[in-house]
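Shared chain: chain A. Partners: chain B in the first complex, chain C in the second.
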Partner chain A sequence: MAANAKAIVNTPLLQGLKQLVRSLHTDCARLSSFRSSREVQPLEEYPEVEVLHNPPEWKYVERLLPPRTVPQPVAKPAYPSGWKPQTATGQESGYFVARTKNHMVPVYLNTRFRGQRRLTIVRLIQGDIWALERDLRQVVEQSRNGKLCATRVNELSGQIHIHGDYVDLLREHLKSKGF
Partner chain B sequence: MLKFLNKTRQLLYPNVRNLSHTVTVCQSNAATESTTTTGKETLVSKPALILPQNYAEHAPVSRSTARQAWIENVDAVTERKVGLMELHPDVFAAQPRVDVIQENIEWQRKYRYVSMAHTKTRAEVRGGGRKPWPQKGMGRARHGSIRSPLFKGGGVIHGPRSPTTHFYMLPFYKRVMGLTSTLSVKLAQDDLHIIEDVEIPTKDAQFIRDLIQERNWGPSVLIVDKHDVFPENICYATDSIGYVNLMPAYGLNVYSMLKHDTLVLTVEAVKHLEERLLYQLHRNDAASKQTKFKLDQV
Partner chain C sequence: MAHLRESTDKALKLLRTLPRVQIGNLRPNPNSKQNDKRGRAQHGGDKHGAGNKGSGQRQNFMRLGYETGNQPFYLRFPYEPYYKGHHMRREYPPISMLQLQVLIDTNRIDISQPIDIATLCNSGLMTLKPAELQYGFQLTDEGLDNFKAKINIEVQHASEAVIAAVERNGGVIRTAYYDPRSVHILSNPKKWFEKGVPIPLRMLPPQDAIEYYTDARNRGYLANPEEISKERLVLAQKYGYELPRIEDDPNYEMLTAAKDPRQLFHGLEPGWLINLVDKTIVKLKTT
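What follows is the complex of A and B.
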């Protein structure tokens, strides 16, 4: 009995009837739902498909896939975003601030105590970190009209913490020095 | 594979141009040497294995610290330099973050540790269901059970309960940094040696003992190859020696590197480790590895 009912359900006549009923707006078409898509047909109903290995068009697919690792930047005379490639090697200054893997200058803002304390953190420092700390502090104090500025140096992890929000100032300063 | 690597001349990073120059000179020297000494020894007839680093894909963060290491032989007890290899500074000359190494060691100790210390509460200690003496009229303090925590032989409050797991996951990039830091520390301390392959001539354990004695390795030695199936000879030779251990490159970890005095890597293992670690340091979808660890994740 059940098999008989199933056979009736699967007949093409009934399928066509269901489509017709749906087109008459008696059954709401569930748009953007998988229920509104066509039901699965027997395999013979579908067109023949040829399976290709390494087709020449595959390179267009590869072009759309995201790269696995961060690519090297393309060399241009000028960049509209204001980004600059790193030019300094740290030979003349004695210290070196590496770029991050995304080729950005590693200066960050750390807010604590509901935004009441703001720390500027310079990371990835190699070489004479104390000389860099003197230079950065001078830049910050100049922008504060000579008022003193508190800093903290972590030589082991190569970080300098500066009290206050001086991210843009220091980032531009480091970029102007070629880091 | 090694011959193929040897043949490929790769674009070198400008700051190590010096090195690449010396490398080419060295190779030409080696080539002439090998032509002159072919008659004398068959072992030396191979050209020197010079493996420069390809900096085109991943430029080093650290500018002035290109590292190079000798490639040694293991086919005889006497030491012979088979070639020279450039190591990527981001992996083998990273900042020695001893704090991160310590965090890795602590994590490796703790994540598999289950504390079995256990105490019984007043409900679990046997007896004590009866009021020991009446509430009033005895001139004594009021008590409801002789297994109360106030009593000698009573239950314990807030005692250890078994089993207590100490599992946690260290952040992914701390684990990566632990590996690069430890490899850099090992190289800087002259405790990292690179060998051509793990094909030793005999199954005799005495050969390995003599080798370690001769090369001034050890006392404990960790030998790492890329694959987890080692050749038969080295398996038999190291099987009876407790202080010499074999490990595939995918099993390399901070704890084992520090547990053994000397780390011995094959050329293939070095290449594999560099490739994997540089991929992790430069991967685009790094944020997917920095999410919270879920027990049912793949």
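What follows is the complex of A and C.
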């Protein structure tokens, strides 16, 4: 009996009737869920398609796929943006400041207390962090006309915190030293 | 001093026998917890901060902004609708020319191909949120003097100086409209291809954006191409540079590549279905 009822439900006539009822109703077929989505039609109702293997247009699809890793920068005669590739290895200076995964110099500004306290943070330092701290403090004190500058060294995490906003200054300084 | 040392020794001795400080034997500081019961009458009852008589005692809190009969402050001045329709306004997050040059210098975008929303979002450094009414990128003029790349770029908004900076280097810039659904697709094409849905048609701009995108001075994608080439020359004379001839350029094909106004991706037509697993394209059979 149940099988009989199922057969009645699935007749094309009844399906057509359902579609007609839906088209007579004011609310449209919302395709957001399985229940309200458009019913599958017989295959003849659909337009004919062809499946192309290795089509010439596939190069346009490949162009739209993102790279899986951050690409390595290529050597160029000039970099108009001011970005420079890293050249120093840290052999002569005794310390090394690594680039970030995006090939940028790891100098950041940290603002606290609604901009009242500004900290310049240099990250990813390896080697003699105290020598780098002396160098950076000298650069900052020179720009402050000899006034002292407060720094904090975190040897474990390889970070130097400098009181005040000297991000551009230190970034340019590190780039000029090849880091 | 002897008695002091004695008590210290006692305390230390006691401390050695005590268990360690841990979560099981901690309790709140004295008087740090407030009693949530309000006593009445002899059980500590008084005014409890509500004062004597009137609306204060009855805790009759007036509605926000009500000034007990005065014309309230928020109604005292004429209405100026700064934010009228803010929930409908289109937002174009900025990208500066400097940022674009950094992307090019660090090899994050490929300038041997036309640049559009998908290129910028696929660099992984920029995102678009169409649900927050972000309709694409605008190119801003910061660092335009140091911009040296020859590119074919399509953005959603650009100022005159930016257009001049791109064209001075022999590049091509175009402003184009994408509806939110198209922006959603272009902001992560790979994820969208994985849905296995045919590429939809791109919608035409709404009525208030048509004027911008049909204007040749904005390099709109719906403008007359002949007027655009005329405006390129006009802008070159206005800003005082010699317009490089892109007709003679070896990359002429790339520089003049443009999408159809109803097309979403370069080289892929609406209605096609991309299968990333089998690397196939499903098309309508042409008879």
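As a convention for this text, the second predicted complex is superposed on the first by the 127 of 179 C-alpha atoms of A that agree within 3 Å, B and C clash if a C-alpha of one lies under 4 Å from a C-alpha of the other, contacts with A are read in each partner's own complex, and residues count from 1 in each chain.
As a working rule, a contact is a pair of C-beta atoms (placed from the backbone, for glycine too) under 8 Å apart; a residue touches a chain by one contact, two chains touch by 3 or more.
Fair warning: this is a prediction, and the values are worked out from it, not measured in the lab.
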Is this a clash or a fit when chain B and chain C both end up on chain A? fit
Which of chain B and chain C A:90 touches, first, second, both or neither: first
Per the contact definition in the header, classify A:51: touching chain B only (first), chain C only (second), both, or neither. second
Contact breadth on chain A, by residue count: chain C or chain B: C
Under the stated touch criterion, which partner chain does A:60 make contact with: chain B (first), chain C (second), both, or neither? second
Please indicate which partner A:126 is in contact with in the superposed arrangement: first for chain B, second for chain C, both, or neither. first
Go through the superposed model and pick first if A:98 touches only chain B, second if only chain C, both, or neither. first
Just chain B (first), just chain C (second), both, or neither: which does A:142 touch? neither
Contacts of A:158 with chain B and chain C, given as first, second, both or neither: first
If you stack the two complexes on chain A, which partner ends up touching A:73: first (chain B), second (chain C), both, or neither? second
Minimum Cα separation between chain B and chain C after superposition, in Å, equals 5
Residues of chain A that sit at the chain B interface in one complex and at the chain C interface in the other, please. 66-67, 70, 72
Residue positions on chain C within touch of chain A in the complex are 98, 101-102, 104-108, 113, 118, 122-125, 143, 146-149, 189-190, 193, 265-268, 274, 276, 278-285
Residue ranges of chain A in contact with chain C within the complex: 47-55, 57-61, 63-67, 70-74, 76, 78-83, 102-103
The residues of chain A that touch chain B in their complex are 66-70, 72, 89-91, 96, 98-99, 101, 124, 126, 156-158
Considering only the defined contacts, which chain B positions touch chain A in the complex? 15, 56-59, 61-64, 95, 97-99, 279, 281-284, 286
